[in-house]
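Here chain A shows up in two complexes: once beside chain B, once beside chain C.
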Partner chain A sequence: MKLTRRDLFVWGAGAAAGLAFTPVPWKLLDDTSIWSQNWPWIPQPTRGPVDVKQSFCTLCPRGCAVKIRMAGGWPVGVAGVSANPLTHGALCPLGFGAHQLNWHPKRLRAVRHNGVPSSWDAARSAFVKACTQGPVVIIDGYPGRAASQVFETFTEKRGAYVIALNPETRALSPYEHWTGVPATVLGYDLENAKTIVSFGAPLLDGWGIPGRFTRLWAERAAGIRDPELRLIDIEDSLSHTAAKASKWVSVKTGSEGALAAAVARILIEERLVAAQGPVPRLTLAEASDQTGLTIDAMRDLARMIAAKPPAVVIGNDENPGVAGLNVVLGAVGARGGIVRRSKRSKSYASTDALLANAGAVLVDSSVPWDVVPKTDAECFRFAAWDGGSGRADWLLPAPGFLEELTDVPAAPTSGFETYGIAAQLTKPIHEVQSASQFLASIDPALPTPEQLIHARCADLFKSRAGRVYAKEVRPVASLESAQKLEEQLSAGAIWIGDPPAPGGLKCELKEWPQGIATEPSRDWSATWPVPILPPLATKLYRESALREAPDRRTA
Partner chain B sequence: MSRNSLVFGFGLATALLAGWLAFPRALYSKRQQPLVFLHKTHAEKSGLSDCGQCHAFRDDGQYAGLPSIDTCAGCHSDKIGTTAAEATLVDRYIKPGVATPWLTYSAQPANVWFSHAVHVKGAGLACTDCHGNYGESDQVRIYQVNRISGYSRDIWGHSMTRLRRAPGDGMKMSDCEDCHRRHKVEVGCLGCHE
Partner chain C sequence: MTARYGMVIDLDRCTGCGACMMACASENNTPALPQASPRTGLTPLLVRQVSNGENGANHREAFIPIMCMQCEYETPCVSVCPQQAVEVDKATGIVMQMPQRCLGCRYCMTACPYHARYFNWWDPAWPAGMEKSLNPGVAVRMRGVVEKCNLCHGRLHAAEEKAAVNGKREIDPADYVPACVEACPTGAIHFGNLADPSDPVSQESRSPDAFRLLARLGTQPKVYYKSKEPWVKALAEPASGRMEVKNV
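And now, the complex of A and B:
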């Protein structure tokens, strides 16, 4: 029998049909998909002893407590610390994926000068030369750290140290003008407030320390905490916060200041508060035109705010019109209002005024990428992740997540002092330097962050104030030595100072502040350091039960 | 029957034979463990009746995995008997203090986080629920490694179809999911993959 070409095709068709009834295609599909997970260029966690360390996230100034699962000395997982009294185990999506960020494709791996690869020596020489051209300005996005103190020391005789305020601290800056107390030491006593009025602040969607207000609100919803706590959200769109609030007041975009003035006028006129002034010039009719609310609706809102004191107003920006409402409510310096958490009184100049004559501008890696100094001076920007060469002359790779020792001062909006230490848990995977190390290589007389952290721990120990929250809670006064305190903090414990005494702030306004019409931020994640937000982490977080009240979690 | 049907049937039969008989043999390569270790002998002669006596949990609650060479040295610091395996154990591993390079049948991919403590101490699962009845094995199993994925055959299970498998045969994600479904324990993606 002669085999023909047709036979070959028919045989092939039979074989193909037969293969579908064997494990071959299905098993090959499974195995090749697993094989593709192990391609040599895909980073794999090291095989080795598994250990769990406790530390703090340093990706932003909120400093959330994190539990790091380490395998073979490398971080392979991040989770919140449920025993932490501030975060209660909550983390933002970025924090959950933080251990992956050191391998992010946008990781800055080498020094770059105007987009071209360069070297640390060249950067150092250029910085020294630029410093001779004029004063040096150092911009810090995370004030209060040991590194911040290094910056201040360096600039004492060479220029100026300025801070880039984050949105939450910016919202407190009107009180700095009125009280003389720096916005960086002001915070909110949310735990004791009964009525919280948000003027567009995303309280339930990333504002402040994750796990602080979200926890309060979830516990209230679950009936664990004060059921009288009320959240009134005032903004132009139905945000996540607006949807979950006790009441959402929809106003025209940019009319928040007008509504605040109208509410203040009603509170004073109807004697719903003790304050008798200042009475805003804006009439209710004018406010009604601007906000789109009826006068009756504004009256209802004012009565609702005054019904359950203490009430506190939280703005989304530095709108003094909104901030003025807290003065009328008597919330500044009062329990359940705006409090001064520290006695520190040093305030810092604004950036713009100092940049004009600068010879060099150094931007710390803590400054978000959307802060671009407007200057002709040579700009040296430290960053762990590349946000674009167009935003600085020099891009200098900084340590990534847990790649350096740093301390963690109180978070913006915190109502009390806290202090923690984020130890270096992993080796940098590239040649990196922090801004403080870079400055120390130029001026060896500068103190190191390690020395400053020792000194801070010694001060805390000497003060005998506050408590240390480790596995057990211990008053500082009961610790044996400053070294013991530092050991505990380095292992992930947090020091929490005594609550501030009420009345530490005095604020009186002679006339109602002029409000500013601002475009509210529609995307709270835009306030985070770009360019990193792992999409998988975000999706998992949103779809998981992590944001539910503790007693509703299923796993 | 037409010629075409015959040829088609021949092709079909060839594929079926190759797919069911030759493919499984070709897919897995066989490797020997570095030592002849018999669970049953140890259970009978040494009175080691509980898995946890060698496969212990550390003080911090984490599973320590395979026993270290020090554990073996507790009894085998000198040769017990005259077998070749005993000589290998003592001369090659115990005396120089080198860990025995066991081939782990149940090794999972690096992106899987599995807590023995949660499953054994928390949920009360028996070792045999996932690993089968190794404690009674009286011979060393051949370690079969998948030539494509690089993982042990125990992960897929010994049945190519994964139908009518014995309990503990197979450790794929779907097996974890099935067990969780049976026990009504919900775990999100982050529970096992970080």
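And now, the complex of A and C:
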């Protein structure tokens, strides 16, 4: 028998067809799938002892309680602390990816001078030299910390210490002008409010302490809390808050102040509120033109606000017209309204007036990246991440997430005083320095944050006020020593002061304040204080329709 | 005792913040690959935004977290898998995906009526050093296989080990909570054993406000949703003749 080329083809085709009916190709496919995971370039998680620590997130001034899962000395997971009475276990979505940030490609790894790598010694020499050219201005976006006290002490004889207010605190600044009480010690008593009116504030989308208002709102939806808790949202576009509010009032952009004035006029004229105030000059017809709402719709809105007291108005910015509505409602200094959480009365000057003659401007890392000092002085910016060059002469790498010991003062909008300590849980992965360490290397007489935290704990212990929320809740008065208090706080417990007594804040208006155009609402992703997002958040942007990517928003 | 783990998600409480998605991705070492798109990315939990279709002041919106519905009966992905890489765990009721068996044919993705399955197109990758932030309790995601929500199976294993160390056969329910449930700031996602009539989640699943997506397919999903809004409930059964399947 002769073997031809045709026979070979037939045999080959037959073998191929027969193989398909055996497990061989499937097994090969399966094995390839498994083998391909064993290549050396496949990343593997850290191995090592696993531990769970409790601390606070210090990426923004809200200071949420966090539970950190550590493996081999590195944070490998972030979760909320359900026992924390402020956050109830909630975190903002970005917080869940915070442990990735220290490894972010945009992490500042070395000192940079005008975009060129430099050294800490050079930065120190330049700062000392700039200090001789004029006063030093230190801008702090996270006031109330031990580091803030270091800044104040350093600038006492050398210049000025100023704070950069975040949007939530800025919304309280009109009350500072009217009452003399600093906006940094004002907050909202949301837990006792029955009607909450948002003028563009993203209450369900990152406003205030995560888990505070959202929790109240969810409990209302579930029937746990008073089901009559009303959320009225007034803004020009459909936000997440507007979508879930009891009532969304759509107004023309920038007409929030006019609507507030119209509502105040109706409240006073129809005697819907006990408290009185100056009647706005704006007529209802004029307000109707500006807002696009009918007079009847505005009347309905005013009656709805007054129907379920106590009511409080929350603005998205410092619009005095919106703030004036709280005065008419009697919400300033009242239960369920705006409260003073601390007796501290020191307020700080605005930045612009001081920057003109400054020799050096030091910007602390906690300041939002978009704070750009308008000055000719040499600018030194401490930051853990590089948000883009050209915004500072010197970029100085600061400690990242959980890389330094710091204390955590009360969050903006909080109705009561709180204090916590965020311990250093992980070693810095680059040569970093905090702004307070940098200043201490110039003036060794400065107190260290450790000493100030120690002193603050001693003061709290001496005051015997408030409670400590650890595994169990204990009044400070029942603790054995200040050291015990500090130990508990360092382990992630939180001290919460006694609730403020009502009536600690008086506010009267002689004439109705003029409104200004309100800034558009911004969600959590826009107000994130660091200039980069965790990679997982970038993924969330790209792969879901929940959020609009920042580049698309600004486009 | 045989458990049937499931969820009840209160849509009236969901604000669409996305914390559950972030927590899920972090827990399961899901890579954030720049080349991934909404079609090719790996999102075992995806929050979708829906509206009632009205305009102006009557416009309402809701957010629906979509993940594997853990179908109990005639589970579509189990039926079509040629490799037996998917099975319903009789001890827990969890629809298990075994990547080592999966050959990546993606029949299960086609069969899933909820579009809750995703194919891993690429090797996992992170920026240099970021692998130190990965969860050591879960393997990195394999390329070339289909993935889905497994109700944080790593956490179940940890709870079972803890129970075993303590000489118990049953886990403490407090020890097994999926990441999305733990992360939800409004407490909208409830997790528990549907087979236990005394379990609050089991009771909630029988409330008049509870419903399941595409219940008429008859696959008996173990993920329930809950809303008092009639228009939200109506979303569960979109009026489409193509989707009409008899409950067998």
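One rule holds in what follows: the second predicted complex is superposed on the first by the 482 of 555 C-alpha atoms of A that agree within 3 Å, B and C clash if a C-alpha of one lies under 4 Å from a C-alpha of the other, contacts with A are read in each partner's own complex, and residues count from 1 in each chain.
Here, contacts are C-beta pairs under 8 Å (C-beta built on N, C-alpha and C of every residue); 3 or more make two chains touch, one makes a residue touch a chain.
Nothing here was measured: the structure is a model prediction, and the numbers come from that model.
**Student:** Between chain B and chain C, which makes contact with more of the residues in chain A?
**Tutor:** C
**Student:** With both complexes superposed on chain A, which partner does A:Ile442 reach: first (chain B), second (chain C), both or neither?
**Tutor:** A:Ile442 sits against neither chain B nor chain C.
**Student:** Quick one: classify A:Gly12 as touching chain B (first), chain C (second), both or neither.
**Tutor:** first
**Student:** State whether A:Ile34 touches chain B only (first), chain C only (second), both chains, or neither.
**Tutor:** Once the two structures are laid over each other on A, A:Ile34 reaches both partners.
**Student:** Classify the contacts of A:Lys244 with the two partner chains as first (chain B alone), second (chain C alone), both, or neither.
**Tutor:** second
**Student:** Looking at the overlay, what does A:Ala477 touch: chain B (first), chain C (second), both, or neither?
**Tutor:** neither
**Student:** After lining up the shared chain so the two structures overlap, which partner does A:Ala307 touch, if you call chain B first and chain C second: first, second, both or neither?
**Tutor:** After superposing on A, A:Ala307 lies clear of both chain B and chain C.
**Student:** Of the two partner chains, chain B (first) and chain C (second), which one does A:Pro105 touch, if any: first, second, both, or neither?
**Tutor:** In the superposed model, A:Pro105 contacts chain C only, not chain B.
**Student:** Contacts for A:Ala222 in the overlay, against chain B (first) and chain C (second): which applies, first, second, both or neither?
**Tutor:** Touch partner of A:Ala222: chain C, not chain B.
**Student:** Touching A:Ala501 in the superposition: chain B (first), chain C (second), both, neither?
**Tutor:** Neither partner.
**Student:** Using the superposition described at the top, list the residues of chain A that contact chain B and also contact chain C.
**Tutor:** Chain A residues touching both partners: 30, 34, 37, 44-45, 47, 50, 69, 76-78, 96, 99, 540, 543-545.
**Student:** If we count contacts the way the header does, which residues on chain A are in touch with chain B in the complex?
**Tutor:** Listed in rising order, the residues of chain A that touch chain B are 6-7, 10-19, 21-24, 27-28, 30-32, 34-35, 37-38, 44-45, 47, 50, 69, 76-78, 96, 99, 540, 543-545, 554-555.
**Student:** Which residues of chain B touch chain A in the complex?
**Tutor:** 3-4, 7-16, 18-20, 23-24, 27, 62, 109-111, 113, 146, 148-151, 156, 160-161, 185-191, 194
**Student:** Along chain A, where are the residues that touch chain C in the complex?
**Tutor:** Touching chain C: residues 26, 29-30, 33-34, 36-37, 39, 41-48, 50, 69, 71-72, 74-80, 88-94, 96-97, 99-100, 102-105, 204-206, 210-211, 214-215, 217-218, 221-222, 238, 240, 243-244, 247-250, 429, 524, 534-540, 542-547 of chain A.
**Student:** Can you name the residues of chain C that touch chain A in the complex?
**Tutor:** Result: residues 10, 12-13, 15-19, 21-23, 25-27, 29-30, 32-33, 36-38, 41, 43, 46-49, 56-57, 59-63, 82-83, 99-104, 123-136, 138, 140, 142-145, 179, 182-183, 185-188 of chain C touch chain A.
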